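Sharing a structure, written as structure tokens. Questions coming.
Note that the chains are named A, B, C and D in the order they appear, and that numbering of residues resets to 1 at the start of each chain.
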Amino acid sequence: MIEDLSSKTSVDESTMLDLYRQLVRIRSFEEKVQELHKLGKLPGFVHVCIGEEAIAVGTCSVLTTRDHITSTHRGHGHMIAKGADVGRMYAEIFGRVDGYCRGKGGSMHIIDTKLGILGANGIVGGGIPMATGAGLSEVVLGGNGVSVCFFGDGAANQGVLFEALNLASIWKLPVIYICESNNFMEYTPTADLTAGHIYERSIPFGVPGIEVDGNDVLAVRKVVQEAVDRARRGEGPTLIEAVTYRIADHAEGESAFLDAYRPDSDIEQWRDRDPISRFRTRLLSDGIDEGVLDEIVQEERARVEAGVEFAEASPFPSEEETLDHVFAVRGA
Amino acid sequence: MIEDLSSKTSVDESTMLDLYRQLVRIRSFEEKVQELHKLGKLPGFVHVCIGEEAIAVGTCSVLTTRDHITSTHRGHGHMIAKGADVGRMYAEIFGRVDGYCRGKGGSMHIIDTKLGILGANGIVGGGIPMATGAGLSEVVLGGNGVSVCFFGDGAANQGVLFEALNLASIWKLPVIYICESNNFMEYTPTADLTAGHIYERSIPFGVPGIEVDGNDVLAVRKVVQEAVDRARRGEGPTLIEAVTYRIADHAEGESAFLDAYRPDSDIEQWRDRDPISRFRTRLLSDGIDEGVLDEIVQEERARVEAGVEFAEASPFPSEEETLDHVFAVRGA
Amino acid sequence: MAKLYFFQAVRRAIEVSMEEDETVIVMGEDVDLGAFGVTSELIGRFGPNRIRKTPISEAVFVGSAVGAAATGLRPFVDVMFSSFFYVAMDQLMNQAARLRYMSGGQVELPIVYFAGTGPSGSTAAQHSENPHALMMHAAGLKVVMPSTPADAFGLMMASIRDPNPVVFLGDLSLTSLRSEVPDEPYEIKLGTADVKRPGEDVTIVAIASTVRTALDLATDLESEGISVEVIDPRTLVPFDWNTVANSVEKTGRLVVADPARRLCGAAGEIIAGINERSWSSLKAAPQRVTWPDVPVPFSPPLEASIEVTKADLEKAVRATL
Amino acid sequence: MAKLYFFQAVRRAIEVSMEEDETVIVMGEDVDLGAFGVTSELIGRFGPNRIRKTPISEAVFVGSAVGAAATGLRPFVDVMFSSFFYVAMDQLMNQAARLRYMSGGQVELPIVYFAGTGPSGSTAAQHSENPHALMMHAAGLKVVMPSTPADAFGLMMASIRDPNPVVFLGDLSLTSLRSEVPDEPYEIKLGTADVKRPGEDVTIVAIASTVRTALDLATDLESEGISVEVIDPRTLVPFDWNTVANSVEKTGRLVVADPARRLCGAAGEIIAGINERSWSSLKAAPQRVTWPDVPVPFSPPLEASIEVTKADLEKAVRATL
């Protein structure tokens, strides 16, 4: 059993509301993405994080823009929680010039270095070294930032994770490796092909391995805060396995060519543990007025609508841009 | 402290003498390699395993030719213990046509599929997947063989090891991963850059991780026998860290361009734990006649001399062979 | 004769091969389904012992295939997208492509490394590579890249039966291509090009999806009285130099279409090779039509802009006339 | 002006760069010593914070350089032997070479990936690659491969200062080459070829160690009245097409020497590129002299047999006359 940390956590009201707002923003963003995908408006692969938002939000709530993150193909939530503007995100996902990457990256490659987002990644496990390297910069340059590496439970079988755990351990890098353990790697239950517990995989490297309820935003926030504190104190990396469930399809549109590969009842069961309703219940029980929460929901939905409008109004990049950005020009 | 298994092991006399013979054969082979290298007779990189012979011998003593091994750049001992002919090995190391690979592979790439030697490897960690695949063949084809993967302590930081441990664990592959933990990776003490204990690295995968005195041939034999038995029973892989010390240089000839990177006293200390003298003492205390052992030494030295002669008499391959063996011809 | 989609034809060859040879196994991520359907439902028929779903650990499963092939199996390895080869590149280049040579010819390594390849609709820079040039440069890998379902079937049959590692790249822009595939199993020898359309004035060597573009163009130009010969090499290693050289010696003009980046790509190689073989027949500078040297961009118009189009190809053909 | 060995010149450039810029760091295995001496003893001077010995984990340290470069450092990464790039190929090809493009130009990635390259005396198939063609095909990597200590110094200075990932390959057969390097630091702009010897009749474009072979041959042929121009491109990406094209337009004859396999190699690329630029100037078929398409064999006479020799080169030159 994963310990219930949420009840033990006290956070001030404005932070609580902010967490709620972030959760709602991501959910609204992703639901809109699903809708847009159904309308055939989105090119390429799109992976949404519905049901897993608490990990992104809990984690990024203890980071500053000076801290870095690397993300995955399922990265929209991380970006938003790290401060990304939904309009520019939609623009990127649409392939428009006002997107974060001028339309060159798309859903799997949203990057904003100003926000400390070193990038989503289309290669499973591909961002793990990059996050480790961002941690190295802190150590070498004497900074106080940390680096957070989000990766999936499927990515936990990529060798590069272990190389990183070793490197971060011996160099005491301020890196927090956060596994979004959502039960699936594409269409296969992760446990079918994954020996043991992921959170224990760091133990032989002398790196703390922690399991946390990934659908409990306060619990995530708490363990990440502890890991971040350790990292900032120069005590090195932490591995956190945040247990959640991928309510959404692996990729939008998959049902067009796939039969069901999991029982609906599983999905239903996890819907009952939805991180947003759970947190809402908690807020209400803390005495927060329902109207305040509803207003947040309205505002975030409106933000998302405005974001889509912004994106749709943005032009595609001009064809000449194809040849740009291969190399940086020195001194430019 | 590593448990003393040797005293608890009983092995019949002819096997004991055979183990001794193998140890002496490898030592004689390697000392000759050093001598030949000093004479400038050996092309390319040569890495000898002096002081580490007990691991190869103890391990291979419980294998049959049906079992497979993969090896490393420091692989001469493994080959010999697995049954390789010293003459053909020298021929290979000399680059001659009577070498195991017709001179195409050299010291780092000796291969003999008939003996179950899938190859030394010039890539640190490179043979780990191959050994894993040989184990897969046993499972798929319903064989009863096992596969042994030798690798160095330096290789224990290559991600592919962890991928293999996971794969072998979930598929219950009959693979024994044997780390020759000789304290060094090139010129750096392994512990400087390696978090925790290597033998513990398999634990999170549910794979037994065992530490053994790598300078005690009987101890190695015992733990490998247990691992092989488990593997043959379909109970999956084992990781064994055999603790030893690289008495020899990383590569022959290195002192020409390197200052000392370790105290001589360390080397001396480990010479006192030499696996061959230790085993000889044991044999003598078991009541074996010194003359018998001396005769083995003489025979093996003679074998090595004959091997060198064979190799030196062998011609280089003809230049046309450069173009051969890129592709197999179907039905040929 | 049934009409099959491109990847259905691949699937059928795998199925036939698994029936005829018990040592053929399948490994890869989600191969019970198969990313492009090439192994879908085989698990029901052949069971999980032979259809092996792997964790996301490309290096180890690509490399395991080498050990497995050296010890009696014939693995068909689904790497999914060809961009993922890079994750397992040591095992492909330093191990699979080297073991036979380094062993002095002791081992046969009957392995097929399959992947979908090339852009498939804004999948962006990490899912759109066409890495065949790298594989061609390796020495020790055969490289197959067909353009039709019928060729895909016959070449996959030959690839699985081949005693060497074969990289079989299925161009994802052919996913919706459906055409006739003979019912009776057959194979197409690796290393045989196919003259997809005979002609007299210009030779177009076209790889994978660009074959269709070249054939379209040939039809267009026919009305102008320009007779285009379209050659599909089908396998890039071994490469059927004779068929191409014979054609160029007839037409005197060469255009190569390759859906890949330019620098050190297959197109340049084919031109250099024909220079060497048929220089005196060349009436004009050989032309190549490739992507520009950029990663594949996400945005649909940018992605479209890198592709080898009929207009590009036409320009190149006219440049030789 | 002191005489320096090839890798000493590289080392000096690293040392100078580390002095002038505190963000330059070194990472790699045993870099306190440095496999080819390029970082030897720097640790005493710059300390272990900037000279970072890594475990044998190429994928993570090659990839860490990307994260480090994106966040303020300028890593010099010693990959040791270029064959080891394959172990870290995803991080090189899918990450380092892509991040800037995929980000729409947001990041600069000032990284030097250094490795010794090519055969160095029977080091066999896994320690003898010359993988520059793969890097050239990548799009997003600069590729440097010099032939003299002086060039190595100036190009390494420029590589470390460059805001992009640069693969810097030090040809191991130049290890014993020692020649003058100016005392004052200088840099050589990436993308500038050098005419190592002017001539009128034939252009030889020679890469890395083959430059010396070409210069030797040029001297030999002078006595026969054959005037050979030898061009060293020095950087393969960006490639100085102008210098080569100008030369070929003067001589009308092109021979390319490349110490690497043939198929999809740099030699074929240079020939295809010059075909496109200078076709009408060509008086004879351009020739290439490369290794055959085999892994590098161990046995000394076999290893020698793949090399680009003066005799091979002479034959190629004569074929153009």
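Simple rule for what comes next: a residue touches a chain if its C-beta (ideal position, glycine included) is under 8 Å from a C-beta of that chain, and two chains touch if they have at least 3 such contacts.
Worth saying up front: this structure is predicted, and the values here are computed from it rather than measured.
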item	value
Shared chain contacts [subunit A and subunit C, defined touch]	B, D
Centroid-based (C-alpha) most distant chain relative to subunit A	B
Higher-contact pair (C-beta pairs counted), B-D versus A-D	A-D
Computed distance of Cα centres, subunit B from subunit A, in Å	45
Geometric centre distance via CA averages, subunit D-subunit B, whole Å	36
Computed distance of Cα centres, subunit D from subunit C, in Å	30
Whole-Å separation of chain centres (CA-atom averages), subunit A against subunit D	40
In subunit C, residues with contacts to at least two other chains	54-55, 57, 59-60, 83-84, 87, 90, 94, 101-102, 124-126, 139-140, 293-295, 297-298
Subunit A, residues touching no fewer than two other chains	101-105, 109, 121-123, 126, 157-160, 163, 166, 170, 192-194, 326
Overall pattern in which the protein chains touch one another (line/ring/star/complete/other)	complete
Sites on subunit D touched by subunit B in the complex	29-30, 32-33, 37, 53-60, 83-84, 87, 121-127, 292-295, 297-302, 305-306
Subunit C residues touching subunit D - in the complex, by the definition given at the top	83-84, 86-87, 89-90, 92-94, 97-98, 101-102, 124-126, 133-134, 136-137, 139-140, 237, 239, 261, 263-269, 271-273, 275-276, 279-280, 284-288, 293-295, 297-298
Complex contact set, residues of subunit B against subunit C	68, 70, 99-105, 109, 111-113, 118-119, 121-123, 126, 128-141, 147, 159-160, 163-164, 166-167, 170-171, 324-330
Subunit A-facing residues of subunit D, complex	23, 25, 49-50, 52, 54-55, 57, 59-73, 75, 90-91, 94-95, 99-109, 139-140, 142, 161-164
List of subunit B residues in touch with subunit A within their complex	157-163, 165-166, 169-170, 192-197, 200-201, 203-207
